[in-house]
Every structure is written in structure tokens, then in C-alpha cells.
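Read from first to last, the chains carry the letters A, B, C, D and E; within each, the first residue is number 1.
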Amino acid sequence: MLYLYGSLFIVAAIVLVPLLTTALGGFKTLGDLRVNPFGLPGEWQWSNYWDILSGARYWQMLGNSLLIASMTVVLTVAVAAMAAFALAHVRFFGSAFLMNYFLVGLMFPIATAILPLFIRIRDLGLLDTYLGVVLPQVAFGLGMAILLFRNFFRNVPKELFEAALVDGSGYIRFFWFVTLPLSRPILATVAIVAFVNSWNNYIMPLIMLNSQDKYPWPLGIMIYQGEFSTDWQLVLAFITLTILPTVIVFFAAQKHIVAGLTAGAVKG
Amino acid sequence: MSDAAGIIERPSPVASRGRAPSRRRAGAVGGHHRNIGGVWPVLVLFLPPALVLFTLFVILPMGEAAWYSLFDWSGYGAPEDFVGLKNFETLWRNGAFRTALTNNGLIILVSLALQLPLALWLATLVSHRIPGTTAFRLVFFLPYVLADVAAGLIWRFIYDGDYGLVASLASLVGIATPYVLADRDYAIYAVLAVVVWKYFGFHMMLFIAGLQSIDKSLYEAADLDGATPWQKFRTITLPLLSPTIRLSVFFSVIGSLQLFDMIMPLTGGGPSNSTQTMVTFLYTYGVTRMKVGFGSAIGVVLFLICVTLAFSYRRIFMRHD
Amino acid sequence: MASIALHDVRKFFGHHPVLHGISLDIRDGEFVILVGPSGCGKSTLLRMLAGLEDVSEGEISIGGRVVNDMAPKERDIAMVFQNYALYPHMTVAENMAFSLRLAGAPKAQKDAAVARAAEILDLAHLLDRYPRELSGGQRQRVAMGRAIVRDPAVFLFDEPLSNLDAKLRVAMRTEIKALHQRLKTTMVYVTHDQIEAMTMADRIVVMNGGRVEQVGRPLDLYDKPANLFVAAFIGSPAMNLLHGEAVAGPNGVAFRAKGGGVLPLPAGRGIQPGTPLVYGVRPEHIELAASAACDAEAQIAVVEPTGSETQVFMTLGPDSLVGVFRERVADEPGSRLRLRIDPARIHLFEPASGARIDAAAASTPPIREAEPA
Amino acid sequence: QTTVRLMHVEANPNYVAVWRKLADDYQTQHPGVTIDLQFLENEAFKAKLPTLLQSNDAPDLFYSWSGGVLKAQAEAGAVQDLTERMQADDGAWAKSFSPAALAGSTINDKTLCVPLKMSMTGFFYNKALFEKAGVDGTEIRTWDDLMAAVEKLKAAGIVPIAGGGGDKWPLHFYWSYLALRLGGEPAFTAAKAGEDGGFTAPPFVEAFAKLKELGEAEPFQPGYLGTRWQDTLALFGDGRAAMLLTFDDSANRQAAAAADGKGIPREGLGTFPFPAVSGGASQGSETFGGVNCWAVSRNASDEAIAFVRWFSGPEAQRVMAENGMLIPAAAGADAGIKDPIVKGFAEELGRSSYHQIFLDQDLGPSVGRVVNDMTMEVVSGQLEPDEAAQEIQDAFELE
Amino acid sequence: MASIALHDVRKFFGHHPVLHGISLDIRDGEFVILVGPSGCGKSTLLRMLAGLEDVSEGEISIGGRVVNDMAPKERDIAMVFQNYALYPHMTVAENMAFSLRLAGAPKAQKDAAVARAAEILDLAHLLDRYPRELSGGQRQRVAMGRAIVRDPAVFLFDEPLSNLDAKLRVAMRTEIKALHQRLKTTMVYVTHDQIEAMTMADRIVVMNGGRVEQVGRPLDLYDKPANLFVAAFIGSPAMNLLHGEAVAGPNGVAFRAKGGGVLPLPAGRGIQPGTPLVYGVRPEHIELAASAACDAEAQIAVVEPTGSETQVFMTLGPDSLVGVFRERVADEPGSRLRLRIDPARIHLFEPASGARIDAAAASTPPIREAEPA
């Protein structure tokens, strides 16, 4: 127990110092931040936070981010889970090929594909729409999500599948009634990852969105960055304020990462 | 492309071998049961959304990018200046790219040798429901959540030779303050540390999720069989988690090769390209210099490396059987 | 409501052959019990009926239609799995109602069916629990409940009562029989419990190593096991089987075991002295000889009282013999018991083929029986 | 009703406010025209622009650094060639700009954008520190003077120069200026034309040699290779380094970056132009800096062009200059400049015989990047001068 | 080698109380069998002994040391889990050798132990299989094998034979007893099989709803069930229990069931007419009256031949009665059977408390027995 908590606290400390620095940095002046990055602020600049919080822009961007991220999460989870289910459970010609096909997506750097991607979104008329950001994000998240899902789905005891078959369900209802409820840990994991990726994604909204009122928060940081200088204290304050939603999402999702979901299902 | 799916779990051996690949979880559904009726509705309903999205927004753009790699093109107008493989040649002759390759190798090494074990260790610590686990999970996951800009910035502070943590530590020990990020020889190690810090939480989450599906009664049985915690880890956790671990290794390798977000704000590839990775190289030399053709060539090379690695990964693991 | 026909059904797991050609006809509404040693293929056969395993070779038809390639859900089958296969994320009630829910049954109907099953299975107080919060026997009952809420064409039960206590098992037996009587559904039932097999089945199928050894009405099997395997398998403790040959004795032909003991043979079976024989006598057909007129004298090895009876393990020369007596046998191991054997109740088998030697002809009866009860 | 969309990278809210006010004035004068100012952060701007120009959403006007990028954009037909318009009416529009500014906006005789502002680089120094080390800033005229000052400052325990290797480009000022002082305009004209061995010509190699010399003198703060520009400014502003080779408007910048937010007071700051190099071909009157301009995209409306003409005209530019935003590109708008330091730079620019714009703009991002990299390599002793020059030439030939 | 003592052990799952205070002493080397209805807490008790469940209240000691807070692996216990808990990623051989491997035993020793266990369990041909490739009974045998390769201080068996066929079960019973005799290890064994319980146990613990009902030697339990629960639970088919009262009859005091039937009472128990009674008679103690002199005449409801015996379900007035006869009863349902009951073999209980009324005193014997066999 001592060993356990001891280790946990040490690692947590290492992890936390930079994070606390972020939060505290938001209370400093730029100069203070530079010469005293780790200590308490010489003078608490509450206004850094207050100015952000009291501005409508922050809330609007947060709303946009949330909207984009939730659409991304829902779509990623739904689309990937379905595909992974088919790939995990149905034997069909070309299923191995398909899996490889999805894997390819992990192996090509997005940076290369930005321009063609933009052209595609433009041709679909999705420029400057939320969907124009969401769809590519989902597409790029699919490879990993499908792999994770498939891996997990295969661990669902096959006896349950058989029981469901005998109870009169087919693939689809088995997916809905048994696979998904039993895959809560991985659903939550994928959801968190998709959320974080979307939340912090910068390049996609940058390229696809033109109207300021659709900007998610990563584009909002821009206003603190000039050509030759950056107001880091404000950036830090801003980032601190945008971590909070992710933390909430994390708490909501990780409740589902629980053990023993299949306990009691089968004997032997 | 090669059978990369085999990376994740060995392809099922010829049915005639009579038993499933040894490392797969017992009783798992995976592909082992026969098809029951109603296959078509599933295929027709479940696959197309992913297929369409993926093809449209990943595969086609990639194909186009690969096509651009044969052009000298700035990204404006249409690519017209066909140069064949010249972009690849240029790339091959570029010293910074070779540094980038080595760096990617280092990152892979560190990810596998340091990051994954750390993630696994922490995952086993916080996968039980003991008081405080949720908090610890969150804390460990936070670096991953943190925006790259912030992470890069903060670690610059830490490494700062004048005011940074490293500086104060160094003065505590009484050695000369290292300017870590400015040092061509050490900067990459500094970057590696950040990489571990930033991304171990992700793997930890995967492991936690994977650990949840290991039957608790196996640990009970092992307890009674007299297993020490380490033995339980070795003989129960590791083998049963191995699908997840293999997945994690895969993501880790691919992710290391694609590492980018973290490095740009931290060092931007410097000093003197010593922390360049393939993708930062791609970004600085391809994207920001608007040499779309050249950038695409880097993408293609990176892709080929990924595929090769994926393929040999599978072979190496196959040999273990 | 459906008849089931298996025609030379075979099953391989990879290269392991598991079923070697099973042919069987089950009438609509019949209650058939499969018995056989552990690992002989009972569950596999059941799972093939349910459509959960491929049929490697041969043909299975249900209700006259070949179902080899039919999906489980189209077969209209309810099954109790040997390993339960409960939905771990559903409560007991939800587990039992699941098939009805899939079928789109109205809530009232589901509730009624679940309540009824729960009552039969004594699960009413556990309806809100999850499988992981149940004892082994309770889980088994839920598995049972999941099947009996339904009204399928065929019920398949794979050792559904193995983890229940005797009292509950007796009660469940009655309930299953009542269910069968009420629904007249075809039932295929695997059990290791001899009493279950004997009392519930219309017919029993005895399997061994992937083959059918004998099919018949319970008492027929008991009274006329077609071969040595069935003879030894049905009945517990198992039938005593002694190897030896027919010899001419004072009262006609008798049997002399290899070990030397001489035992009576029934008259009029036309057995020639010198014929090699396997002599079978059920433990309960060995009686303690009240008078001095005994057939054999055996030495007691172990005495095991079971309460209602006493099992006595004896040696007759080098052969061993088990008797089950209603009487409490208080004698010490080592002491001698005088036994009587009713020659009318003994069984004779050919040592080479293992086939039963019947009164009329010494030929094996056909394995497939034409007229079930 | 027309909307003119203008995309820029100006992050300073005060500056943007001035623009906005000007645009509002314009709107009231021209009913039916709406001016939409859109801000994108520098990196974001550069990442997004190529895609934006491929779409119908391209802004009418966008901020440009001129040079190779603009050329590529023009060749692809994404921006308009303004030569005709500029030269119409006897070049009325063209003449409203200072020649250096117009030259900076003109590539291969085509004027591809409307000049907005000029910037210039030179040395700032901290008078107090100089005094402490016994150096007189006004007396630094030659490279040797500079090297001597470096020695003295070092001896006094002062970091002579704040160097920013983290962003690479700050150091390329040194090489560019050295080459400019050594070879003058002809060297650059020839190199850009690919003559005389291009960038492997003696002035360029020699510039690298000087640079190497500088590096060996270790004038920069420890760890300068990793120092970002902002921190470099701060270093200077905090008084922890005595000199800084920087833009004309750095007085404000160093103050903002300094730990106390005030930095070195105006009166404590001195400036001097990049020193002459003995044996160099030039008289030391060349300037090195930037020209920024507005590019006009393919589909820009006439209203947009009318607006940009006004927006970069003397009237508007004076207002901007008055607000300390820039050294105006419009002829005669200099008068608006109030800041004496900026004014000093502006005047020098006015005397300039040749204004070389930043090489990463002039030569295009690729070559510019190599220039930056090579400067770093040489100053840190990683690469020999001739090798570095060769690399630049290679990159240039690849363009 | 260890004795086990439980002192007022209680267990709650959340708020559900599951064990209500169990006190029990098990001698070193004793073979104790736990029986009780499904869900009564047997597995929970076993798991608490193994250290897999917290002890909510009370104290467990093994070998004299309180083990409440001792980790499972320090307790030196081998256990067969009710749900097997086989390691899915290890072959049968590896599963069985696992504990030895952990202990660092040399390969030769492991191989020998596994080979020996495999032979006993008839698993030799399956050693290279993975658990998922085994039948239910085979898996159970592996679970058993995993325990018996070891030489622990205590063996815990949770229904280790429930999925085996009768023949194998008999063989396994013998093997376990032999193991016990050889190792003299304390064994705690849960079973639902009456024969197992009766023949293997030194003492049987009858549990019900988280309480111990009676502890005693098998035949004591059978012959002298301490209360109605034990009477009804031990023995299958269960003891017939009729409610009624003592009445004065021609041959002394007799029993009259509520339904009206009159049955003989043993003499000399000092029972006053009018005393309310529960009258218990085991099915095998009901005999067919050969002569006209019968004790009761019952009507046949159902006849179930089990082969060796015939179970006859009868009605005696409104009460129902089960008899088990060696004879084949061929009578049709509805016909009447004339029965004899040996009054010496009946059991009497107080209806209110359920306690046994003994010859000497009508008091309940103490639940904890001081002298095990």
C-alpha cells in the first residue's frame, strides 16, 4: 500500500509540476513568467483570467469547440464501433484487406494531406461549416478507433454471442444489446481520445473554417500571438481555462472504465 | 500493402491446426465462430459509413499527395512541373532528413523501452478501485490532454538555462547550468523526456481499458497457487494483456514515426536540425516552405517506412511462436 | 413443435474428430436425454442443433427442413448452456426477459413470463441482481429461466441442474416435466444424473466417444443394455461385469469367472459350455443370502453407507464386485458375505464384440430403435 | 453592397484598432462598402493561405511579405498583377510610394502587391551597460569596432549581444548585413541573377567567415541557440545583454517582453546602424529590412482595389505612422512618425542606397530557410563558410 | 496440515447479509463436506477460508493462527473453484503445473506431478489443449487437477465433480478419498451430491440461509436429523413429512395426519395423545405390504422407475407421499398401494420449532458436535 501510494505520488508530482505551472503562469505578467516560471506569481494578475472569462469570445469558442468535439466523438465512436464490429465478428471475403486499409490511415502524416483534403472539403461545399472540420477529424481518428474496438470486441466472451443468437438476436441486435454495453471501457477510452484530439486540434479548423464566430479555442489563442511576440501569460490562462471541459469529460467517461463487466457471465 | 492487420493479432492459423493462436484470449468471439445468417445487413449497414468517410477524407487525399510527390509544386494552381523521383533524391541527400530518421529511431526506442513500461506499470497501479485512483488516472492523463503549445512552452521553461527547473537543479548539485535545448547533442534527449511525459497517459488509458477485461478470478486462482504480485503480473497480466500491448506497441511505433505536435513548439526541430523528426522535417521543409511536392515525397517515404516496420514487427512476433 | 433428424452428422475440430457420424430421429414433442462420458460430444451435438457449430458433414433437419446453414435465430430454439452464458450487464429479470424483448413482446407479457419463471426457479427475490452477485446454482437457474420463458419449437438443455441441490433438483425435474407436458415441445436434454435420465426421458441416447451406443426407452436401456458400454454406463454404481466362460454345472449351465467364482446362469438361453462370456449383474440385484443357500461368497473390501442404502465393495476371488443393499451392512472389511443372484436378472455379453447376448438370439439389437415410447 | 475582406497578421490590438477606425472612416465615405478585417496568427496565416487561395473564400486583400511566395502566388494566378494599374495615369499610383518600398513589391518588373510598410534592422544598445564596460555606442562604425566592443563587454562580465537562435531568423540578419556591407547591391543583384557563382561569390563566403569569427568570440548569452526571439528581446529588455540586432520598433517590444514590463527606458537606449566592414565594396548606406504589402487576390473587386489604394495612401499611412505602427511605405508619410528612434531608422531608410529585404522573403521560404539554417551552423562552428555558401547556392538553384 | 476454526463468522455483500454467524471447528486432517441449498453461502464460506473474500465479522483461524488479514497465498491452500477459473492462456498441463512453477519446482517434479494428476483425471490425452478446447467436464477436471498436484495445508473443493458423469464421479470419489488418506490433509468440500456427501465425509455441515443447521457424521445426520430442515434436505427423494398429531389408537399411540391418514408411532417415546407432531418417514422406509396387514393405503399418482428402484408418488388423503421401492411397481396411477411403515424408522419433530423429538427427551441436540469421527 505504501509502495503503491508512494509511487503514485511521486509520478503524480512529476506530472503535475508542469501543469501547475500552466495554471499559475496564467496569473503572472509576461516578465514574471519568464524569470519566475515555477514560483507563485509575484503579483497575482487576476485580470488575465477575468478578462478572458468576461469576454463573449471565450464562451463562443468554447461552445464551438464543444460542438465540434461532441460531433466528432459521437461520429467516431458510432462509425468506428460499427465497422470494428463487422470486422471482428463477421467473416467475409476481404475483411483482412479492409482492416489493412484502415490501418493505412495511421501511417501517412496528415500534414501531407492537408491541401488535397482542403480541396475535397471545398468541393463538397463544406468549407466553413462544422461538418467540414468534423468529418476529416473523424476519418483520421477511425484507424485507431477501429483497431481498439476490434481488439476489445474480440474479448467479449463468445458464449454471450451464442446465447444472444439462441435468444433470437442477429448481429445487429447483439451489437446493440450486448457488445456495446460490455465494451464501455473501450467506448469511454476512444471517446476520451477522440475528444482530446478534436479539442486540441488546430490545423483542421484553421484550414476549414473562415468565420471567426465558428472558431474553436485553439484558433482563439492566435490573438495572443503576434508575428514576433506572444503573450504567453494569456495563452497559459486561456489554456488553463480550456482544460477544464476535458477534465469534466474525462471524469464522466472514465466512470465507465470499470473492471469485471463480464464477471458472472460464464462458468469455466 | 502488406498484411498489417496481422500485427495486431496473428492471423488465425489454418483451421486444420486445430487450435487457435496461442496468445488470443480464450473464448473470445473474434472471428472464430461461424457466420450466422444476416451477414449482409451488417456489412451493408456497418461498414460503409467508415469506408466512405475514410476513403473520402484519408485515402484519396493521401493518394493525391503521393501523386504530388512527383512534382515540383508550390501548392498554388495545378501541379505541372513533373520531376519524377527528383524530390526523393533531394530528400535522400539531405543531412537533416537523416538526422530526422535517427531521431525517429530514438523516439521509437524510448517509447518502447521507457514509455510503455511506465504506462503499463502505472496502469496496473491505478486499474484497481482503490481510493484515489480516479484522481491519479486523471493526473496521469492530463499531459495528454494538455495542448501541445502549452506543453512545449512549459518544458521550454523547465529546460531554461537561466530560470528553469533544470537550472536550479543543476545549481543545487553544483554543476554548470546546461542549456539543454540549445545543445545539439542533448536537445533530442530533452525532447524524448517530454515525449514520454506527454504521451504515456494515452497508453496508460489503453492499458487500463485492457486490464478491465481480465477476469478477476484468475488472480484469485493465482493467489491461491502462491503467486507473488510480480509473478501474477508476469504470468497472468502480461499474457492476457498482450493483445492490448501489441496494439500499444503498434500505436507507439507509428506514433513515434509521426511525432510532430510536441516538437514544433518545443524546439521547432533545432538547434541545427538536431531534434528534427520526419514530420517536423516535412513541416518545415515541405509545408512552411510551400514545397508541396517535396513534402509529399517525405510523406511517401514515411509511409513506406511505417509499412515496412509494421510488416517486420509482425514477422518478429510470429517467430516467437 | 418440431421433429429433429440427424443424418450421419460428423464434427471435426480442426483435425480432431469429435462426432463420428450420428444418426438420430427425434419425434415432435419427444423428450430425449443424451448421456455419455465427459467429453463424448454431447454439448457439441446440442450446439450443432442450435446452429452454434458448423456441421462438418451430414445433415440436420428440424421440422423437416434441413437447417445446416440456417442461423440460430431462425431455428426457434431455446437453450440452456452448460456454462450459463448469462448477460453480465443485465439483471436476472432482464436476462430472462431478453428473448421476449428481442421478439418485441409487450411489457406485461414479459413481466408475467419472468415472474412465472422466477417463481418456478425460486429466483423471485433475486430479480434485480446481476449475475456476478449470484451463487453458482442461482446462475444456473437464471440460465434455465432464460430458456423457459420462451415457447420455442425445441428446447435444448445442457446439464441444466448440475449445480443444484438434490431437493431443488427434484423440484425442477417436476417442473420441467410439467413444462413439457404443457407445451409438448421437443426437448433434448443432457445430463449426468442417472435419476434425471431415467425419470424424465421418453428415450435416452447413450453416446460414447462421438458415437451413439444405444437409443431406447429408459427401462429398456437399463434392463437390456445393448452392449458392454451401455451396461457399464447406465446405473450407479455400475453393473458388475465379470469375464469368464460358461461351464456345465449341477443345475445346468453356469458361469465361471476367470478368477474362479461360479455364478448361476439363466436357463434356456441355449448357451453352450465353453462359450466365453461377460457376466453382468447390477449391484442392486445382488442380495444377501438369508439362508445358507447362497450363490457366492465374497469378501468385503469397503462398506459405504449412503443413508438409504449401503454400497459394499467386495472381492470375489480376484474380481471385484459391488453390491447395494437396503440393509445397513455392519460387517467389517475382511469378513465374508454370502450372496444370492437372481439368474433372471443377469446380463450376458460377448467378450469380443461387447454385444449383448439375448435369450432368443445372440445377436446385437439394432442401434436405432424404430418405435420410441 | 460590397464587402471587402482583408486578412492580416497584426496581433497588436491597438494597431488593429487604428486600422478599424480608418476602415470605418472609409466606410462612411463610401456607403455600400463594408470593410472586413480578419486576423490570423502568423504561422496560421502561412499555413492557411495556400488553401484559402484555392477556394472562393479567398480574401480580397491579404498581408504579404512579398518575395518568392508572392511570386509563386502570382504565377499560379492567385494574385493580381498590379503593374498596369500602378503605372496608369503616368504612374500616379506607383509614384505615391517610396522607391524602396515599390521595389520591394516588384518582382521581375511586375508589381504584385501594394506596399504597406517598411521595416529596418539595426543595433540597439543599453547605454548603462555600455557605460559600465566603457564602450561608446556612438563610436561603433566598423566591424572591428563591434568586435572590440564585444571584447570589452565580455571583460566587464556583460553579455555583449542577445542572440536568438531558437527562431533561427534573427541570426540571419548578421550574415545578410555582412554580405551587404561586403558586396553591396551588385553582389546581391548578381547572385539573384545566378551570376558570378551566385551565393558562392566571395562576399558571401567572406560574410560567413566574419560570422564564424563572431561566433568564436562568443558574444551571445549561453544557450543562445535555443533562445526564442521573445526571450531574446526580454534578455535585452532585462538588461542582461548589452546589444541586440533588431527591428526599428524594438523599443516597444523589449519593454513589453521585459520581466518588469517596462524594460529599458527610452533614454537608456541607443542605436547604431550595422557597422561597415573594412575592405567591403559598400559605403555602408545599404539597409536591410522588410517590406510588407497587401496582395490583391484574383477575384478582388474594384472596390477592394480602391480601398487598398486609399488604405496605403499617404493620408492613411500617416495616421498609422502617428500611432507608431510603421515606417510608412507611402512617400511623404514619414512626417507622421513620432517615436524618435523609429524616426531615426526611417531617416536612414530614406538615405538608403539599396534596401535588401529579408532573405527568407526575398528568396522564397525554402532558400530563406536554408539561409537561416546555415547562419546557425556557421555561427555555432558547425560548418565552414564555403560549405555553407554552397548549400545556399544549391538551395537557390533548386528553386 | 492444519485445523480450521471459525468463530461467529459473518459476511455481508453490501447490505445483504449472507452468512449470519458461522462457528465451526475442523480438525487437522478432517474431511468436512458442506451441503445446503443453492445460495446458502457455501462458496462464500469457502472463499473466505481461502482469503478471497473479506471477513465482515468474526474470526477465522487456520492452524491456530487468525488469518482474517492474511493474504491468500500465505494460507497454503489449494482450491477448486466452482467456476473453474482456469488460466485461458495456458494449456492443460501448464494450468496444472502453474503452482509448482511458481514455487520454482524442477521440471522433472512438475512433469511427474502433472502426469500423475492427468492419469487420475483421465486428462492425459488433453495435456496440450487450451481450456477453450475442452468440454465442460474436462474443464472441471483440469480445475481439479490444478488443486491435486499440490500438497497444501488445506484443500477446498467447490462442487468439483458436478459436471462429471456418474461413472467418472465414482472413480474420482475414490481417488479423492485415496488422496485424503495418503496426504491426511484437511479438506473442505462442497457438493450437492448426496452420495458424495454420505460416502466421503468425516463430518457433514448442513447449511441453510447462511446458518449452520447441523454438523455431524453422515449416518448420524441421516438417521437423526436435528430438525425439519435437515430431515428434508438430507436424502433423496426427501423424507416424507406429514403434519398432524398423536392420537390414541388400538396398539398404543399412533399418528393422525391432518389429512386423516393414520400411521404407526414407535412405542416408548412417551408421546401424549394430542401432541402436535410432524411425522417423517424416508421413502425407502415405506414398504409394500406383502400381506393384507398394512399400515396405510395410498393412491398412486406418478410412478417413476429409475432402473435400480422405482419412485412412487402417492397421495394419502390430501397429503402426498413418496416411496422408493426396489420392486418394479407396474401399477397404474390411480390404483391403490398397501404400505407398511416400520415405526422404528420414523422421525418425529415439533411442528413449532422444527426440532427433532428423540426417544429420550424431546429436545434439540446441540448443533455443534463435540466428537467427530
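What we mean here is this: a contact is a pair of C-beta atoms (placed from the backbone, for glycine too) under 8 Å apart; a residue touches a chain by one contact, two chains touch by 3 or more.
None of these values were measured; they are calculated from a predicted model.
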Those chains that touch chain E and also touch chain A are B, C
Chain-touch separation of chain C and chain D, in steps, is 2
Of all chain pairs, the one with the most contacts is A-B
Averaging C-alpha coordinates per chain, one finds the centres of chain A and chain C separated by a number of Å equal to 58
Rounded to the nearest Å, the gap between Cα centres of chain D and chain E is 95
Cα centroid separation, chain A vs chain B, in Å, comes to 16
Cα centroid separation, chain A vs chain D, in Å, comes to 40
Where chain E touches two or more other chains at once, the residues are 82-83, 86, 131, 133, 136, 140
Expected list for chain D, residues touching two or more other chains, is 43, 47, 50, 54
Chain B residues touching 2+ other chains are 19, 25, 27, 33-34, 36-38, 75, 162, 215, 217, 287, 292
Listed in rising order, chain D residues that touch chain A in their complex are 9-13, 38-44, 47-48, 50-52, 54-57, 229-231, 233-234, 238, 247, 253, 256-261
Touching chain E in the complex, chain C uses residues 13, 35-39, 42-44, 82-83, 133-138, 140-141, 158-159, 162-170, 192-195, 198-199, 218-219, 222-223, 232-238, 282-284, 304-309, 311, 324, 326
The answer for chain B against chain E in the complex is residues 19-20, 22-23, 25-27, 215, 217-218, 220-228, 231, 235-236, 239-240
In the complex, the residues of chain B that touch chain A are 1-9, 11, 24-25, 27-39, 41-43, 45-47, 49-51, 53-54, 56-62, 64-65, 68, 75, 122, 125-130, 132, 134, 136-151, 153-155, 157-158, 160, 162-165, 197, 202, 205-206, 208-217, 243-244, 247, 250-251, 254, 257-258, 260, 278-279, 282-283, 286-287, 292, 295-296, 298-299, 302-303, 306-307, 310
Chain A partner, complex, touching residues on chain C are 47, 50-52, 71-73, 77-79, 81-89, 98-99, 102-103, 130-134, 136, 139, 146
